[in-house]
Amino acid sequence: MKNSITVKRATAPRTTAFSALAPPAAILVALVITWQVAVMAAGVQPAILPSPQRILQQGWEARTTIWDNTLPTLQETFLGFAVSLTVAWTLAILIDFSPWLRRALVPLLVASQAIPIIAIAPLIVIWFGFGMLPKTIVIALVTFFPVTVGLIDGFNRTDREAINLLRSMGANRWKQFVYVRLPSALPSFFTALRIGIAYAVTGAIFAEYVGAERGLGIYMAMMKNSFRTDLVLAAVAVTALVSVCLFLLTYVAERAIIPWHSKERRSWHG
Amino acid sequence: SATGTASSTALTPVAFALDWTPNTNHTGLYVALEKGYFTQAGLEVKVLPYSQSSTDALINAGSADFGISFQDTATFAAAAGVRNISVMSVLQHDATAIGVLASRDDIRSPKDLDGKTLGLADPSATFPTEASDVIKNDGGTGEFRKITLGTSAYEALYAGKVDFTSAFTTWEGIDAALRGTPMKFFALHDYGLPDQYSVIVEANRAWTAKHPAATAQFVQALQKGYQYAADRPDAAAKILIDANPGAFENTELVYQSQKKLSASYLKDANGKVGTQTAETWQQLADFLYRAGLLADEDGKPLTTALDTSTLFTEHYLNEK
Amino acid sequence: MAEATPPKIELRGIGKSFPLGRGQVRSVLDDIAFSAQPGEFVAVIGPSGCGKSTMFNIMAGLETANSGEVLVDGDVVTGQHKHFAYMPQKDLLFPWRSILENTSLGLEVAGETKKTARARAGSFFAAFGLSGFEDAHPYELSGGMRQRAALLRTVVQGRDVLLLDEPFGALDSLTRTDMQSWLQGVWSQNAWTAVLITHDIREAIYLADRVVVLSARPASVRLNLTIDLLRPRELSMTTSAEFAGYERTLLATLHKETLPPRGP
Amino acid sequence: MKNSITVKRATAPRTTAFSALAPPAAILVALVITWQVAVMAAGVQPAILPSPQRILQQGWEARTTIWDNTLPTLQETFLGFAVSLTVAWTLAILIDFSPWLRRALVPLLVASQAIPIIAIAPLIVIWFGFGMLPKTIVIALVTFFPVTVGLIDGFNRTDREAINLLRSMGANRWKQFVYVRLPSALPSFFTALRIGIAYAVTGAIFAEYVGAERGLGIYMAMMKNSFRTDLVLAAVAVTALVSVCLFLLTYVAERAIIPWHSKERRSWHG
Amino acid sequence: MAEATPPKIELRGIGKSFPLGRGQVRSVLDDIAFSAQPGEFVAVIGPSGCGKSTMFNIMAGLETANSGEVLVDGDVVTGQHKHFAYMPQKDLLFPWRSILENTSLGLEVAGETKKTARARAGSFFAAFGLSGFEDAHPYELSGGMRQRAALLRTVVQGRDVLLLDEPFGALDSLTRTDMQSWLQGVWSQNAWTAVLITHDIREAIYLADRVVVLSARPASVRLNLTIDLLRPRELSMTTSAEFAGYERTLLATLHKETLPPRGP
């Protein structure tokens, strides 16, 4: 029974992948061509707005440097996001277990998002230096909120009757959490993870802008001051690519960790 | 203050970009603003505060018509295809230097900076090479760690998180002393580098071509402001302080700094402000060229020396 | 008034009201009393929102009553949960667990090792028509099969009384009829004492030995009707005159109840 | 009948407002006191970390300057967010009407969020100067995405059977939109609006950091460079306050525009 | 074969299958044919998922059939929507509209001015027991009232045939019984031709002049049973022998149907 489902779906992805990618690709190509033609026709200085072709060509020539700067950014992203996830899980679990903490912390968490990180980022550097710590802090600050909210929301999404069922079986609060609330929250968690990871990369770039030795952020800042707008945009493209890849990776992780979720969803179609 | 009486003729708008938050390098500008020199000249000057975008780029793109820049970055920019023109100098000599905390006994001369950490105040393309050259000329290898910190560089230096930085002896130097954490400096021209106009006023070349009269009016009004600052440091410092409420925690910094600038940096040998010479421009460009720092817009190192004769002009200055 | 053999379960004077804040309360249960003998099948019907689920929650120890007590075998067990196994209206099979893991959940929670829990639950699969679906996941099962798995999860806990809260409410009428006959079958082969909440008068008559009718909120027992139909009951009996008689009685009692009052 | 509901609820807010505010306020006060004591005990330099008391006092002295800088920021926020809302509604409606546009645009919109705005913000200033335009663009870039996604999601949340009902009445696509899809989407829209408006203020600060004549962002940048950390943090507090006020304002707007939503929700309690 | 007076509506050989991608199709309706005379009340029952709603969608012009035609008064109207007024299972009253605005929706959509639309809908409020609730919002109404408002919204459109898709499926059994008697009352005072989908055999017998039984998917007409009970029908008639006879017949027919096949 399971096999038949797997086999049935096996051929699907290829055709759908094409039909899913064709429309956005078409628009993207149209945009790039317009841009190229406009730059060529108007004779804009490359320092002000380089043509896509120039970005590609110069970016390719600088590929080793760009790659050398991508690695530290990736490293920061992973470390920062790992810390962010730890914080988010801790907060969400605390909030889930204590109604008082929920009432106390949730408004503060929301308010914390109203603080302009760009203004305190330089202070963070002064306080914590320019090693991994300040970057980790900035990335965590930027990303912990959506993940925490997603988790809290996920825990709350647990069916009240499922909790009652567990209670009728004699499960204490902790067992209720492990057997029902935790697995119920995982789909929400993965949705939140996706939002978080996209912010994590731009957060790392941001942290580097404020103070770093290497990394895509500092590379962009340096190229900007060397009037190499083409290389700035090449690095922007690389950053976007990295974000999109990490974003897609979360789908892989989701399938691996909560296979029942996507399977169940798919079975509703049939 | 005499904010010029609004005449019936429309004023020509001018956007002026700053390189940093207000400091004594800008005194002449605020004097000219407060004394109404610009309005009298038929100009409405809008000051664009310091931002993430370098003034060279802003002026090149036409986002600003004039702005404060530096001879070294302007030379570097010109090689990379930027078309700005320097219309006056602000400081006749190089007031920037390699700065370290005075308390650092382990750093006695530039060669001790090998393997240390540089905190860059802005991701300047020129300073690290200049510093490296200084160290080599002092017998070191010229290798060090480079951290781009932006405006936090000085706090990082005071806090001991970086070992050296580039600083204005006439601003950060005085500030450090007043704070009780004094700095010591290694001047670049003491270690084989040519002297330079560390602060200049740049213009968008197309704008000057389109508004030659307004350009002259502007430059001369600004020159008049800086002349005032050179002649009356205390009065000028007060104008700067009043024009920027809240910006100076310790106004003593402004007075001391302005005194020093007025005494040794603003006036040329003839007591005139704003003048520039072809020698000073070409010497620095030749040095940068030899150091392999100048690159064209594709990032390829220049293969012939840069001709600086078109990068500056004294044409708009007051004749007097 | 102590009897020789006490009933399997007994409810005495259960009252319950919910505080609504600002001093107001919503009175839900008012002096509920009934009992079930060992092996008896009791159905409870009553208007929507009258408090049937609240009564179950009190029995299962999920909610505390304001007054009254719950007895099992003559002992007061109010607030304890270990005597009642509860089956909610929704099947509530967890998508992240296989059917075997779902059905052994109660035993695992009670502290059995996974192995014993699964072995015990697995031994019921044949009787419940679920053989071969041990490793299947809930989405692979039809509605009727899911409901059977949910009942298996309930009975495997080996508690004294089964509390079934509208177990077939979500099924369509054909599947529902099938499940009713099936339930009657497995019930007759086991000695379960069961209390069933239902909205469906004919389901109550078809399955129960006794039907308890509750009034609108605050609920109290309005009728306690013994169903004297032969077992095993056939589908055809539902159109018999006797059956119709019970139906008329229950319908009349229920329709005397006003619609549930609105408001707090 | 309606009146009785209103009256019944009228007394509720006061007690709930207190019990809702007390726990976060308690935590906040505890944090601020710890901070004050720590700074005093350790004798930290105010330029590195000023005490809360100093922030309050110096901030109060600089209140006119801070207020003068708050106004332009507010103005930018409103203009930028208005543009963002216009873009979001336009995109969402287009996407709702055209399945092709949906497939083409949604991936691009998601990818657009992977672009590090900090890297292109300086370019935006170079391209568009120092006026309102670049700020509007940055704010719109930062905020249009959550609003657009919220709207698309809201339109999709429309009951399929409600659409069928309208079709059976002979409603064309446009009437279906006006009578069902649009009102169905409004609750989602307000949720998204809340997220958007919080980002709008920090977006404005961000845009100013990149280049502005006046505003809280440039004020913070200037104060930072003058080592006035106390005034930076005072301005941060003002920014957060403004964000929170605008955030709360969306609830007022929601109640005014879709009164049925909150009433219906409340009636489920009873 | 043309008759003197054609039936009000007639379905002829309606077939429908859904493409599932990769060349597979799901066959849902197979040669459905039945008719209703003017003023007749026809009930349709069939296993869950057999295609009843699909059939309604085809009649209401929401879905195109692969074969067959729909006739009204002898004219082919396949694909047109203007002859059928449709009432879905959920009441689908819009929370952002008052009850009057909800009930006049169909007329507004059809291009009437708001004023006339509301006046027309308002004139039905007394008959539907909704007087005084014109300006109320849906959340203020009980389940039964909401269902009456939904029916009002349907009939006010003045179409030839009412299509009622399980209108009482979401109500509890008591409210449901009340609504059935009420529907019988308003129907008998008007000359509506109505087709009712239901899962509830007794609802079908109680309300309809004729019951059409569909087979499991792909659905075809298995039985076309005329219900010869006097009108107005009383609640007590549901326990009569005649009623029980119809019930047995329908139950037997339905249970001959296998459960709907799983798979594509």
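By written order: A, B, C, D and E. Residues from 1 in each chain.
Following the convention adopted for this analysis, a contact is a pair of C-beta atoms (placed from the backbone, for glycine too) under 8 Å apart; a residue touches a chain by one contact, two chains touch by 3 or more.
Everything quoted here is computed from the prediction, not taken from an experiment.
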Any chain that touches chain E and chain A: C, D
Dominant interface by contact count, named by its two chains: A-D
Centre distance in Å when chain C and chain D are each reduced to the mean of their C-alpha atoms: 49
Computed distance of Cα centres, chain C from chain B, in Å: 85
Mean-CA-position distance for chain B and chain A (Å): 41
Junction residues of chain C, two or more chains touched: none
Junction residues of chain B - those touching two or more other chains: 57, 61, 151-152, 155, 159
Junction residues of chain A, two or more chains touched: 48, 122, 126, 209, 224
Of chain D, residues touching chain E in the complex: 1-2, 159, 161-162, 164-171, 175, 179-180, 183, 186, 258, 260-261, 263-264, 267
Residue ranges of chain A in contact with chain D within the complex: 19-21, 23-24, 26-28, 48-49, 100, 103-108, 110-111, 113-120, 122-123, 126-127, 198, 201-202, 205-206, 209, 217, 220, 224, 229, 232-233, 235-236, 239-244, 247
Residues of chain A that touch chain B when the two form their complex: 45-48, 58, 62, 122, 125-126, 129-130, 209-213, 218, 221-222, 224-228, 231
For the chain C and chain E complex, residues of the former touching the latter: 47-48, 142, 172-175, 177, 199-201, 235-236, 239-241, 244-245, 247-248, 251, 254-255, 257, 259, 262
Chain C residues within the chain A interface of the complex: 57, 60-62, 81-82, 84-86, 88-90, 92, 94-96, 105-106, 108-110, 136-140, 157
